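Dropping the structures in below, format is structure tokens.
In the two complexes that follow, chain A is the common piece, with chain B as its partner first and chain C second.
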Partner chain A sequence: MNRIATLICLAVFISVPLWLTDPYLLNALITTGIFIIGAMSLNLLLGFTGQLSLGHIAFFGIGAYVSALTSLGFDVPIVGDFHIVHVPWPPIAGFVLAILISGFCGYLVGRLSFSVRGAYFVIVTISFAEVVRLVALNWVELTQGPLALTNIPSITIGLPGLGYLVLKTKLQNYYLVLAVAALSYLLISRLVHSHYGRAMRGLMENETLAVAVGIDVTKTLTLAAIISAGIAGAAGSLYAHYIRIIDPDVFAFISTVTMVIMVVSGGKGSLAGPVIGGVIFGLLPVFLRPIMPPEAQWITYGGVLIAILFVLPRGIVPTLAPLLGLSRKPGGAAAKVAPRAAEEHA
Partner chain B sequence: MAQLLQHLVNTLVLGGTYALLGIGLTLIFGIMNVVNFTHGVLYTFGAYMMFIVVHQLGVNFFLALPLAIVAGWLLGAAIEILLLRPLRGSDIDTTMLVMIGAWIAMQSGALWIWGGVAKSVNNPFPDAPLVLGPVSVSWLRLFVLAAAALLIVIAYLLINRTKLGRAMRATFQDHDTAALMGVNVSWVYTSTFAIGSSLAAAAGALLGPVYVIFPQMGDLAAVKAFAIVILGGLGNITGAVIGGFILALAEELGAGYVSSGYRDAMGFLIIIAVLIFKPTGLFARAERVG
Partner chain C sequence: MAEPILNVDHVGMQFGGLTALSDLNFSVGEGEILSLIGPNGAGKTTAFNLMTGFLTPTKGEVKFRGVALKGLKSHEIADLGLIRTFQRTSVFPRDTVFDNVLIGLHRQGKLGLLEAILGLPRARASERAQRERAAELVRWIGLEARADDLAGSLSYGEQRLVGVALALAAQPKMLLLDEPVSGMNASETHTFVQLIRTIRDRGVTILLVEHDMPMVMEVSDRIVVLNYGRIIAEGTPDVIRNDPAVIEAYLGQSGKKAAHA
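Presenting the complex of A and B:
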């Protein structure tokens, strides 16, 4: 999608609260926005390196827990009388720590699991997410287990000379999520158009050939995993401070599936794909809720996923963008690689 | 010592059904290269078929078991023909996502039809367990072990002694060559998926009466099946049987001596450890990974 279309989209997202005042819909948009950030980070792995990580929610959840615990403080017995005590820090520190720690977990998981590919990689990532969920459920001293962490403070931003701004209202949170989403979009866009991005696509297209021309596989994939996990952690932190209560259900496998659906329906390997797919699938439940019971909504969800894979296997954006004249014009070096990559692997 | 003996007996009972789950998945995974996320739903389906046949149709418990297996076989064949056959030749990620979609839809369907409240299936065995010295085991669990063992032997004979089994093994080795030799690969795939599904349904039908049944019971079963397959090596039937018993042992010992909260973490830890240290599985022939 070209620059003008991107800016128009951004302008539309900025103007939304001006014409949409229904708090229920605004709430749906905020949670959808948080999940779109997660989906964008998943797209970096799935769409640009070809690695289907089905444990992505682990980084989201780790971000949520790190951020919540940093701003709430904790007192955890380790061995005997030895305790680790942490006094509450401001939520913005939690946000930064969430990114760093999730990114570090991404590094660890990447180093360990990129030695296997395909179905095995998928299963390792699922297992990682489930182990993290079980730890969150059972380490009650730290996480309160199923009782949940409650009263998580809202994010506070210190403005020089103006005091502190507590982001409590839906409107404020909407713009916070939008800002983080726009920054993540920019970061991912810069990355995939850099030489690292070309190395990732090269690996996805033909790993043997990529290795032969000197691309460091582990380094490239690990870098993608770190950034992807860091962004997912940021999304988790936003989630924790917006919803203000988290329990181990934040690690539910179905949330990973939601992100995968957003990426695949929008178009993996397309920057705008997760945003378009995310808006559609994030808001679908809002429209389905009045007309059918929850079970039927999920049946529809599963059915729509299957239908998209049968009918639009490349996703909405890569299929529709050329028809609307929005495909990237030939220009930079990256642009020459992109259409071929999209054609063969979308 | 008495506690250890009791854990070993429990391992035997649990391991038998785990092996059934593992064989079903390893066949589908190995022969079709499909990561079957509906395996857990088939397990749930088998358990609910027991409930329907015993409680709603009033049929004898022992007759309900084969009926549940046949129902699982039919559902598996239907999934294969409707969803996987049109996708022959697509990459593994696409089929995987389609199977995830099918799993979500079917599990929500189960929740819609049967409700979220856990149900239990009556069985004709006496309540008093069989006590042998320090160990006690219920008659129902003994029956489950015997039935599982019988089904494992039947599956083994089917794969190693029949014409269909030979076609399945040939397709596993090289589906192009098998097709050239006159094997109808498409029907081998359908049969494989149906047989794998019926084994999952059998495991559910056997364990359903032991525990309670609810629509999400298959999720953990599916993960355990993946753990068993990875432990035993892709497409390796004997490996799946041994893997089933190893997982059961790890769970029993983990729950008994570490913490019961981490009982279900054992499967995941095994998966991660095996894939990091020996990605071909413990008993694999030199097979390609990925």
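Presenting the complex of A and C:
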């Protein structure tokens, strides 16, 4: 049942450009899609391990900068006449490097903070994001600082026998973002339904007991941080190659807040939560813009958020899915697995 | 006594100026059911935490199958096959009973990350095996009917059973049970005693910390009595039942009642 609902959603997303041709709306969908990927990665940490990464945008921004610099090349003086010179690589290499380097940063942050966790993880991630933003702002030789990196090339895919395909149009980018989002969704889904995911849930619910049955806290949480950061890096890379200009504002704290809103309103700890929450809060400003002045837009935005959390405190998906018969019991992923298992052994 | 599996070697524990345990020295034989009893404040919980590595003794050492527990992390101790249950928080409340046991099977399912994510045949097979094993354990513990219920919604006694199933899922060589029957009624306690025996017959050594005297007398092979951080008596239930030091100095009137129960 659940699988069918997921496939229907995917089909709807695939069909969107067929009936929606307005370039402004398509653009909004692409940027929203990129942020939904970021929100999904945040959900892996917040929803499945209970750790709040309030500097999550750092991994996104690192992905954006790594990918942009890889494809633009750079010439940075280090000491005296010693320069580090990098000739431009294809953007797809930037995309891969963005995932790897963001993932590595996730590893570092995880190693640093998961021996203490909780509030410390929140503080470490916020500080990390701020430090990275300052580096991007001040290391002008590398990042151009506030002048921004411009003319970032679009992602190019080599098709065997067909030459190269430059993903320049909105339509192409829409499908690229959708493909990456679908892959990320699949990856996270597989992960949380494996014994790694069960270890994460166990730690979140009752750490003392989880440790007593042999679950390694630091290893499990660090793994979640690496994968989460890697996916956020992929989203950042897509962003850089789509917008084609990035400046240190990509590290803005408000972007992390947006992702947290998407996750919490949609339902943390449910796979579809960030997607639903992301669609609502990513597109809400787009629909409000033509009908009200800016101040009223933000007030309405806040009002909708409060209304959702007031009526559905656990988020949209965990509350509504059981009503629609999409899962038999509350509790998101946990409940989806058990009945299936019970049937297998019936 | 069989070959010792757990050695508590002249262990002492001080919290600041307070001596919780002065000199604890005993061992548990393989396949034995040993109970640790004592009045409130005797040092039972401290002893329990020392034996499971939650605390590091200030003096002496605890060895499990020849390996000193000092400096090991809790999950490493679990990997040695020494698994504990908890008095209050014995389950993962927001997961189903079945999933609780699956989480307990964590140690059995160590797969490569890529295998797990790609869903390779080996990963699927391992997942299937774990589910079968979990279903088997749920059946064995007698909670089949509640397999799909959230563990947090179960009765106190049932949660204890889930806690034991979870611990068994981790394939312990030795199981430490922290007051498993407190809050259970007489018939639940009786069933639990049978369960403990069955677990032992499967080759798991059991150490029990418990208040319920009749239960301890019924199930134990040997009993260690603590008071004021020291061992005041040690022996079979018959010896303990008739030990004047235990009856007079520690069990008092209720002890006499318990001894005749």
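Definition applied: the second predicted complex is superposed on the first by the 311 of 346 C-alpha atoms of A that agree within 3 Å, B and C clash if a C-alpha of one lies under 4 Å from a C-alpha of the other, contacts with A are read in each partner's own complex, and residues count from 1 in each chain.
Going forward, a contact is a pair of C-beta atoms (placed from the backbone, for glycine too) under 8 Å apart; a residue touches a chain by one contact, two chains touch by 3 or more.
None of these values were measured; they are calculated from a predicted model.
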* Asked: Just chain B (first), just chain C (second), both, or neither: which does A:L137 touch?
  -> first
* Asked: Of the partners chain B and chain C, which touch A:V213 in the superposed model: first, second, both, neither?
  -> second
* Where does A:E205 make contact in the superposed view: on chain B (first), on chain C (second), on both, or on neither? -> second
* Regarding the shared-chain residue A:I37, is it in contact with chain B (first), chain C (second), both, or neither? -> neither
* To do: Using the touch definition from the top, say if A:A296 reaches chain B (first), chain C (second), both or neither.
  => first
* Looking at the overlay, does A:L223 come into contact with chain B only (first), chain C only (second), both, or neither? -> second
* With the two structures laid over each other on chain A, which partner does A:S194 touch: chain B (first), chain C (second), both, or neither? -> second
* Asked: What part of chain B is in contact with chain A in the complex they form?
  -> 29, 33, 35, 83, 86-87, 90, 92-94, 96-98, 100-109, 111-112, 219, 223, 226-227, 230, 259, 261-262, 264-265, 267-269, 271-272, 275-276, 279, 289-290
* To do: Can you check the complex and tell me which residues of chain A touch chain B?
  => 52, 112-113, 115-124, 126-128, 130-131, 134, 137-138, 253-254, 257, 260, 264, 293, 295-299, 301-306, 309-310, 313
* Can you list the chain C residues touching chain A in their complex? -> 52, 73-75, 78-79, 83-86, 89-96, 98-99, 102-107, 109-111, 113, 116-119, 123, 127-128, 130-132, 134-135, 147-148, 150, 163, 166-167, 169-170
* **Complex contacts: residues of chain A adjacent to chain C** => 187, 190-191, 194-196, 198-199, 201-202, 205-206, 208-217, 223, 328-329, 331, 334-335, 337-339, 341-342, 344-345
